[in-house]
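A, B, C and D label the chains in the order they appear, each numbered from 1.
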Amino acid sequence: MLKGFNYPLTPKGKSTLNPPPPWYYSADFLNVEFWAHPSAVAALLPPGLDLDHSLDGHSNALFYDWQFSGDNDEYLDPARYQYREFFILVDALYKGRPVSYCPYIFVDNDAALARGWSQGYPKRLGQVFQTRYYAATGKAGPTLATGAKFAGSLTAGGQRLAEGLVTLQEPITDPSLLTQTPVVNLLHYPRLAAGKHDQPALQELVENVPHDVKIEQAWIGEGSLTLPVCKGEEISDLAPVRCGKGIRASMSYIVDDLKTLRDLRKL
Amino acid sequence: MLKGFNYPLTPKGKSTLNPPPPWYYSADFLNVEFWAHPSAVAALLPPGLDLDHSLDGHSNALFYDWQFSGDNDEYLDPARYQYREFFILVDALYKGRPVSYCPYIFVDNDAALARGWSQGYPKRLGQVFQTRYYAATGKAGPTLATGAKFAGSLTAGGQRLAEGLVTLQEPITDPSLLTQTPVVNLLHYPRLAAGKHDQPALQELVENVPHDVKIEQAWIGEGSLTLPVCKGEEISDLAPVRCGKGIRASMSYIVDDLKTLRDLRKL
Amino acid sequence: MLKGFNYPLTPKGKSTLNPPPPWYYSADFLNVEFWAHPSAVAALLPPGLDLDHSLDGHSNALFYDWQFSGDNDEYLDPARYQYREFFILVDALYKGRPVSYCPYIFVDNDAALARGWSQGYPKRLGQVFQTRYYAATGKAGPTLATGAKFAGSLTAGGQRLAEGLVTLQEPITDPSLLTQTPVVNLLHYPRLAAGKHDQPALQELVENVPHDVKIEQAWIGEGSLTLPVCKGEEISDLAPVRCGKGIRASMSYIVDDLKTLRDLRKL
Amino acid sequence: MLKGFNYPLTPKGKSTLNPPPPWYYSADFLNVEFWAHPSAVAALLPPGLDLDHSLDGHSNALFYDWQFSGDNDEYLDPARYQYREFFILVDALYKGRPVSYCPYIFVDNDAALARGWSQGYPKRLGQVFQTRYYAATGKAGPTLATGAKFAGSLTAGGQRLAEGLVTLQEPITDPSLLTQTPVVNLLHYPRLAAGKHDQPALQELVENVPHDVKIEQAWIGEGSLTLPVCKGEEISDLAPVRCGKGIRASMSYIVDDLKTLRDLRKL
């Protein structure tokens, strides 16, 4: 019997990219709210998701410094499992219900890429960095205080694809500001067989169902984001028309499930 | 209509990890023949593949310096598409027919990882290097001559997983020495839905059907390989009992198809 | 007038690896106390430093997750300036005064490497990781509590050179436990001119004079360290005979000076 | 006695970044000729070098895929010693003699960075790639033929700093086309002692004296180069006014000496 959740499958299941769920996550993150051209958002949505015209292209860009673990103390092998991530969530509607859709996401670790793909996150590799906050603050970085600045950046294929900045104003006291609409992704797996290159082996609308979400040290303020035009890349089509609030916080959650909303191959 | 062979799917299909096939490849490679414990080989084989007891654990380890292109001059964006690879092929039987099975493979590029997964190659990320041959040889490297040495190495998750060495003896004049048995892989895609973590969304035996294979500058000699014991890794279970011939050559081929031999979910 | 503290020197001084001091640093770090063979420590000491025979090879191994800034908000460009570090400090005597000497140090960033060299730290590049603590703790990592575990690792040239583990027992209430003996380094710069390869352009004993050192969130417990034998590397000659206490804390300081103790070229 | 040409210095001299010279090099390279604004070239020249007003800002940009070795078969440890490089050479005059000066250079390896610094090359780390030519050509890359294209790119600090393209026209039959003017560099090493931040420990005009230069497979054609404007970088001040010929070739040489022309600290 071969074991392993992801590739490779081996007798003992140690070489696999990831242990089976549950998957535990903790992170520091930056969140920049922005509005893209609504037509650019609409053009990215898969069948089954609709643009919410009332939201004017409302979206969020996020930079995460993650630590991952399964049930085998994977957090004690940070060279294999720790990672950084950038992604965009655009607002959409699924059967009239507000959801978020992830058209672009980049990580710097293969285990994270594999977990993401199994959740419908269309991950590529990238180099992601964000300014850190340390308990022993000095002049090397921001404190958690009004006016403090945190920056994030993404590079992939050698090109700078995104830059973000969050300037803190005040701690978040209203927890509704941290409420996340459900993330609905397009789970896609291609088929290489000749004649079937446009008939994916898998194509489903799936809903992420994280639980035990905890958020700490949350501050809110102003956000800014740039998505420069780059060769061979379309992410700049979402370049902000304007930016909104910025958040910097620490969070944790658990992933052990995924809900299929619709099998798009049967359309 | 969203476009892209792999993730992400976008309106113009430029951001995708890979263009649709055909996929063109060229490489310089090292091949080290070795014999693993037959029981270690048998333990790695998926349902449908059998150990060839007559071959005594016969296997090959390969280091490749690849250049990839699709139909859009992707070879002119080497930062995004050029890559290096290490993999192992163990000999097996499929319905009595000699085939090769790939239990371990590592690349340093996400486009290559995605293409590999769609062919059933269980790729993880790693850092792979091999000694190069240059037209302007000096003392910085080997010539193509008897006694010349080429080394390869693989590191993943911060651990050195493999080291190989090929010492040239003579040019290959018998093309049968370069014949490759067909590669049969386990195409596997997990299912994250609760209760289905052990019911993969995809699990098929697939046969790779490369074509237009060309090999140039092939030399043969002696090979050596080490697969050190590492934490959280099983590849060392294939550590050579003995090593055989070594090959160093340049090759190219085309991939645009994959043949499904058996759907293992229906077993 | 060309500007720049380190290479390259340019008209505006923007391309330089580093702005001129003062240099500001913040970090989370792990510290593992250990005892190496005293003869291995003695063999590493430069002229002017002596082994303290009473200390039995006492040394420390440290893993740092750094944020750096100069006076131009460099902390807002983490892709260029944030970095990770591993180093060893062996105890020694300078004219009978207790000091620490750094024989091995690795970082993953060129600006850090350049600053280090100008302080006599013999930096090479490596991949360094340590377990992180987040304000929003979950099962993805440790809390700051008795029994919590933090791991660190170093890989360089594709080989795993060091692994450390700190298991927390209690917060540090006695600040003397965090006192650092002064670091005395060998500032060395070679001379490539023919006939002078063994006559360095610079060779000085230098003392680091950090100031405004702050330490927060310090916990103490048990430490463990391994320094595996690797090809082409001597760091394993310091492999611990035994290990002692382990510390995990956050710190910050400022560097803007270096004191030359002795010019060794004049010996 | 501590041994090692570069840091670190150890009892056996194995951990050092580099063995002592002689240093052997082989590479494939791309060379794009271009003309920058003469004032931008003049602004980069150190004391002792003058602009050749007759040359109108003539410069070259070069992409190299290197293999390095010392006398200990370092080419068999490519994970530690193989590397890629991008640099610019601007034409200048030293006491009326035509020379080249290197204001910008980037490599992806620490041993290469250390050797470069000891020759006055102002190296930073970057990710450099160039299109490869393989003996087994297919559609994955160019052949050595009229119209074949080779591309190169440089990324540093997460920003794309340079892109080049060479389109082949014909093999080089006139060896004078490959003649290289001597490279004169600014050897610079800063001083961290307070009050001396602008008094470098070393500042010399040095001349590189490579020997046993061999060039093979040289083709000439058209070149193009872009140096995009990037944050915190000045290299774009050299952006081409126009581009000239492009070369693609393989070369090897030996470095074991450096000639000091003038000690600039005594000016």
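A few comments on the model shown:
Just so it is clear, a residue touches a chain if its C-beta (ideal position, glycine included) is under 8 Å from a C-beta of that chain, and two chains touch if they have at least 3 such contacts.
What you are looking at is a predicted structure, and each value in this text was computed from that prediction instead of being measured.
Taking the CA centroid of chain A as reference, the farthest chain centroid is that of D. Taking each chain's centre as the average of its CA atoms, chain A and chain B sit 30 Å apart. Across the assembly, chain B contributes residues 77, 79, 127, 129, 153, 155, 158 that each touch 2 or more other chains. Interchain contacts join each chain to each other chain, per the touch definition above. Those residues of chain A lying in contact with chain B across their complex are 2, 5-12, 14-15, 17, 20-21, 43-44, 46, 77, 79-80, 103-105, 109-110, 113, 117-119, 122-125, 157-158, 186, 188-194, 197-198, 201-202, 231-235, 237, 255-260. Interface residues of chain C facing chain B in the complex, by the touch rule stated above, are 127, 129, 153, 155, 158-160, 230.
Note for the complex: chain D touches chain B at residues 24-28, 65, 67-69, 73, 75-79, 82, 127, 129-132, 134-142, 149, 151-153, 155, 165, 212, 214-217, 249-254.
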